[in-house]
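These are the structures, in structure tokens.
The following pair of complexes shares a single chain, chain A, combined with chain B in the former and chain C in the latter.
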Partner chain A sequence: MIYSLILTTLMFGAMFSVLTVSLNLQYARGGMINFGTVAYFAAGAYAYAIVTQEPPSGLDQYALGLNAPWWIGFIAAGIAAMVFAVITGWPTLRLRGEYLALTTFAFAEVFHSILLNERRIGNGSVGMANVERPDPAVLGLDDTLAYTAAACVLMLLTAWVFHRLLASPYGRLVDATHNDEIAAESVGKNTARVRLQIFVISAIPIGFAGALYAMITTLVAPALFTAEVTFFVWIALALGGERTILGAILGTMALVFFQEAVRMIPFETVRSAQIAASVEEVITGILFIIVLRWQPWDRLARKATT
Partner chain B sequence: MTLFAQFVLTGIVTGCFLILATIGFSFTRRVEGFLNIAHAELLGVSAFTTWALNKLLGWNIFPSAFVAIVFTAFVGLAIGRIVYDPIRRFGPSVMLITSVGVAYAIGGTMDALIGTGIRTLDIPLASSIRFWGLRITNYQLLVVVLAVVACASLALFLNKSKTGLAIRAMSANPELAASRGIDVQKTSRATWLISSGMAGLAGVMLGVIATLSTDIAFHQILQILAVAILAGLGSLYAVILSGLIVGVAMDVSVFWIPAGYRPLIAFAVVILVLLIRPQGLAGSAQSK
Partner chain C sequence: MTFRKTMTAAVALSTALATTQPAWAADGVTFGVLVPLTGELGEFGKIVADAVQLGVDEINAAGGTKCGPVSIAVADTGGSAEQAIREANKMIDSEGVVAILGPASGEMVALVDLAKRKKTPMMSPYAGTITLNEIGGDYVYRTVSSDLGDGAASGLWLTEKGYKSVAFLVQNEESTISPAQVAKEAVEAAGIELTDFIVYNPGQPSYQAELISVLSHNPDAIYLAGGQESGVTVLKEAAAGGFEGEWLLTADLAVPEVFETLDPRILNDRAYVEIAEADSSLPEFKAFSQLTMDKTGKAPGPFAANSYDMAMLSAIALEAADACTGEALNAKLRGVTEGGEKVSTFAAAKEAIAAGTDVDYEGASGPLTLDESGTPAGAYMVKKATDGAWVDETFYPASAFE
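Moving on to the complex of A and B:
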């Protein structure tokens, strides 16, 4: 029981960490509030499903199923998220702060609504079930174990790439764009382009995570990709403390662990399970408020330096 | 053509409801300076308080609605004082993100207390009024009347009363207002009471014209945002105009596109406005 709890936490925690780490890059380093994270995640998952799914038959309403091998789908997921980031980022990134938050949020809702209503993309609200996935049994591995490992690899890879990126001269350019845009522009840096680059670069791993999510759940449906995913990632980011990759990962792990632990409790009735889920939501919300108000991580960091 | 006119009429009712729902939101935004995502949850609080008093305790609808509105106003005030006041120094972005946490906390509490399922108030069935081949129910008419009354009294309050003028001064320039001897604390409290009370009124209306479920609040915030963004940081009148625009646009859109896309119209409005005219209908260009 404990073993499976740890394993699920690690699997989903690592996968959502990819989102948190990417969001961390956008928000803490790039200064962009992206309230539409789920759209890039969904774009990846749907791209993966469409590319790998068999052509439609019977009651299927989706128009396209390419039946390609999984790794092509995986690459397609990254590309889909990237393309979506270019489309949404290009016109919106000149907006600042809360306005950017609203536009990205609106884009995500529009995307969700299209997935829900346009049955030719992925069966509408039913979604696509039995998504193809590589079978780890070939390597003699357990399913859960293999996908946990895959999620961890993706997380570590993302963290490593972002870490290297931010440690490079380019990272200093990103910080300059965030901290003092006028100064950065006065030494000839195109800050608008840097912002778009960061936005697009950080969307790619989110797309990969989406593909991985589709593999793990073997289902893509609009109900899985609601604004709750976005808020979940934001709360995880606030919990873990901004500006550090490790913090983002730990915050996500803690939040996923908390949710999975509540889910493990056996409930007698549907109502009590429902109450537990609601209470979990309340606690998450209150934690979020508290963390933002007292900012304990910043204080710890300041104490450590002085 | 009659059908089209009917859609426009329904759109006006939707618009009036949106005005009621947005006034408080827009008010908070101007005076407190941030987008309060949790505002829509207050609609839910009010709607379900009314429902609990009306259905569970068997009260008449009028006292239930009144108590619910007052209760919601004070819930809003309490949240403003406890949660938002201490973090004002972190700026609007942190307040916006915090309000998501508040929305979670309120939404979760309502889920836990009420549970899923559809609820209705214990009120007489709507009777429709027909004219020129169009139809409007008496409850829809009530929404329109209340929206007009609420807007008019708010306009009077803001232009004539001392507190109203203080609120306007605060929203225009907080430092200057404080230095001229306006009690910032008191004004801020009045703002929270009024904007939450407006949310309470809108929540009661929601209970009257629609069926209630606990996820209803979340669906409202999307449209509230659309109206508020379209209105920009402008005046009350801008909110009225953009509420009607969004309401009519949403309902008339059903004429051409599948009804499933109706909520999308609100978002198309948000995106278009932010891209073309970020300062909204009224209001001059602002910094950041």
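Moving on to the complex of A and C:
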């Protein structure tokens, strides 16, 4: 039971950590409030599914299925998220604060609505099922373990790249853009370009995470990519504390762990399972209040970095 | 340095987990009941879980399976595919379930790969999704017919009722769109005027925009394929908009709660609901119905018979299997639904199997012979709203669609 709890927490925790770490880069270091995180996640998942899915047949309503190998789909997921970030970032990044938050949120909702209503993209509300995924059994690996490892590798890689990026002179430029834009511009730095670069760079791993999510669920459908994902990632970031990569990861892991721990108890009656489903949200809410009040993860993360 | 240390620790933890293996006690067998207890299908989830429990009680009363008494582990999917995968993994890895019963359409589709990988059969009593027509079969079964059958039944009823014009209002979901497409074809083929075919998105506070066109054409009947939340709102707003024709509703609205949330005058004597249902004249169904009445004091809810049959089929397959595993259960599951001595209770099946006889389980929901996609042929009932309850109107046996 503990094994399963840890494995699920690691698998989903690591995957969502990629989103939190990317959001951390955008928000805490780049100063951009992105309330449309789920759109880049969905762009990656859909790109992966479209590239790897077989051509439509029978009652399928999607127009395109390229039937390509999984790794091409994985690369396509990163590119799709990047392209989507350029398209949404270029016109919106002049906005600041809550205006940017509202615009990105609107973009994500529009994207969700397009996926839901334009059935030629991904079968509309039906979604694309039985998504292609690499089979770790070929290498003699346990499936759950292999995908947990894949999620951890993606998370560690993202964290490492962002860590290197922020520790480099470019990282100081990002900080300068965030802390004092006018000062940065006065020494000849193009802050608008830096903001767009950060926005686009941080979207790429989100796209990869989307592809991984599609492999794990073997289903992409609009119902999986709602604003709840965005809120989940924001709550995780708030829990873990801003500005540190480790904090972002710990916050996400803790949040997934809470969810899993509450559901861990095996229920033998319908009533107890129903009560647990209701209690889970209450407990998550209470824990959120406690963590925001005392910020233990934030403190821990700070201690770890000093 | 600290960053590197942390990351090394994370890698070490992942590696350590690879060498740890789970263990659970092997005392009896457990069926996982993975149902939506919250969300749009919450009402159905409870009916399914209760009916499975009823079946399990019967199995244990007959002495349990050869693998010991059957217990259940219940979990809520909340209607989410991601949640279903998380819970299914946990059920298999931690609780060692040999079969997972009860997921709805979207969840079932997402679980196909997991079922095959973990060699654990999954069975649904209401996942009519046409996607399973293609990818179902091995390890993936259902005790309900495909949505295409629902559409054919609705189409047949609309045609036979003699309406001159019909409007279609369809929720933007797979479980509603696919049967609606089939019903639409039947209606058009019969020369009935199709005044509107509107696909709407659920979750809106009002559906007046969709209803404007429908009501302006004043059709004889409206075919409404909607969820419980959207369906009730559409019915209320159409009544407020002066619609006086009849309704044909789909299975999601076949629950008694509809009469609690709506003024019964909107439905009484002019609303019908089409649902996959057992032939209530069958002795197996009558026995099940009586059992439900005795245990719960209520008549069986929608899909209760199909849910009860899931538990029975799993237990009988396990009884006939060579081992107490999901893989062995899967190997026998199709076999116990066809070509053998007809049995309708677990006790009879157990006895026959012990005597070395091949069995063919005919359950409360009717004959369950599973086709290549793990789906039985369906029988359908059209019920009429009468005095605040759904009352049987017309029954279509599977042979009506041949």
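Definition applied: the second predicted complex is superposed on the first by the 264 of 306 C-alpha atoms of A that agree within 3 Å, B and C clash if a C-alpha of one lies under 4 Å from a C-alpha of the other, contacts with A are read in each partner's own complex, and residues count from 1 in each chain.
Throughout what follows, contacts are C-beta pairs under 8 Å (C-beta built on N, C-alpha and C of every residue); 3 or more make two chains touch, one makes a residue touch a chain.
What you are looking at is a predicted structure, and each value in this text was computed from that prediction instead of being measured.
**Student:** Does chain B (first) or chain C (second) touch A:T144, or do both, or does neither?
**Tutor:** Touch status of A:T144: second partner only.
**Student:** Contacts for A:F267 in the overlay, against chain B (first) and chain C (second): which applies, first, second, both or neither?
**Tutor:** After superposition on chain A, A:F267 lies in contact with chain C alone.
**Student:** Look at A:L166 in the shared chain and tell me whether it touches chain B only, chain C only, both, or neither; answer first, second, both or neither.
**Tutor:** A:L166: touches no partner chain.
**Student:** For A:F107, using the defined touch cut-off, is the partner it touches chain B, chain C, both, or neither? Pick first, second, both or neither.
**Tutor:** first
**Student:** Please indicate which partner A:N130 is in contact with in the superposed arrangement: first for chain B, second for chain C, both, or neither.
**Tutor:** The answer is second: A:N130 touches chain C but not chain B.
**Student:** In the three-chain superposition, say which chain, chain B or chain C, touches more residues of chain A.
**Tutor:** C
**Student:** Taking the superposition on A as described, I'd like to know which of chain B and chain C A:A223 touches: first, second, both or neither.
**Tutor:** A:A223 contacts chain C only, not chain B.
**Student:** Output check: A:A68 vs chain B and chain C. Expected answer is one of first, second, both, neither. What do you get?
**Tutor:** In the superposed model, A:A68 contacts neither chain B nor chain C.
**Student:** Contact-wise, after the overlay, does A:A254 reach chain B, chain C, both or neither (first, second, both, neither)?
**Tutor:** Once the two structures are laid over each other on A, A:A254 reaches no partner at all.
**Student:** Classify the contacts of A:L292 with the two partner chains as first (chain B alone), second (chain C alone), both, or neither.
**Tutor:** first
**Student:** Could you list which residues of chain A make contact with chain B in one structure and with chain C in the other?
**Tutor:** 116-117, 274, 277-278
**Student:** Would you mind writing out the residues of chain C in touch with chain A in their complex?
**Tutor:** 2-3, 6-7, 10-11, 13-14, 17-18, 20-22, 33, 37-38, 46, 49-50, 53, 71-76, 78, 80-82, 85-87, 89-90, 93-95, 106, 109-110, 112-114, 117-118, 130-131, 134-135, 172-174, 177-178, 181, 201
**Student:** Show me the residue ranges of chain A that touch chain B in the complex, using the header's touch definition.
**Tutor:** Touching chain B: residues 33, 91-92, 95-99, 101-103, 105-107, 109-110, 113-114, 116-117, 227, 231, 234-235, 238, 271, 274-275, 277-289, 292-293 of chain A.
**Student:** What residues on chain B touch chain A, complex-wise?
**Tutor:** It comes out as residues 34-35, 83, 86-87, 90, 92-94, 96-98, 100-112, 115-116, 218, 222, 225, 229, 258, 260-261, 263-264, 267-268, 270-271, 274-275, 278, 288.
**Student:** In their shared complex, at which residues does chain A touch chain C?
**Tutor:** Residues 1, 3-8, 10, 12, 58-59, 116-117, 124-127, 129-130, 133, 137, 142-145, 148-149, 152, 156, 159-160, 163, 216-219, 221, 223-224, 245-246, 260, 263-264, 266-270, 272-274, 276-278, 304-305.
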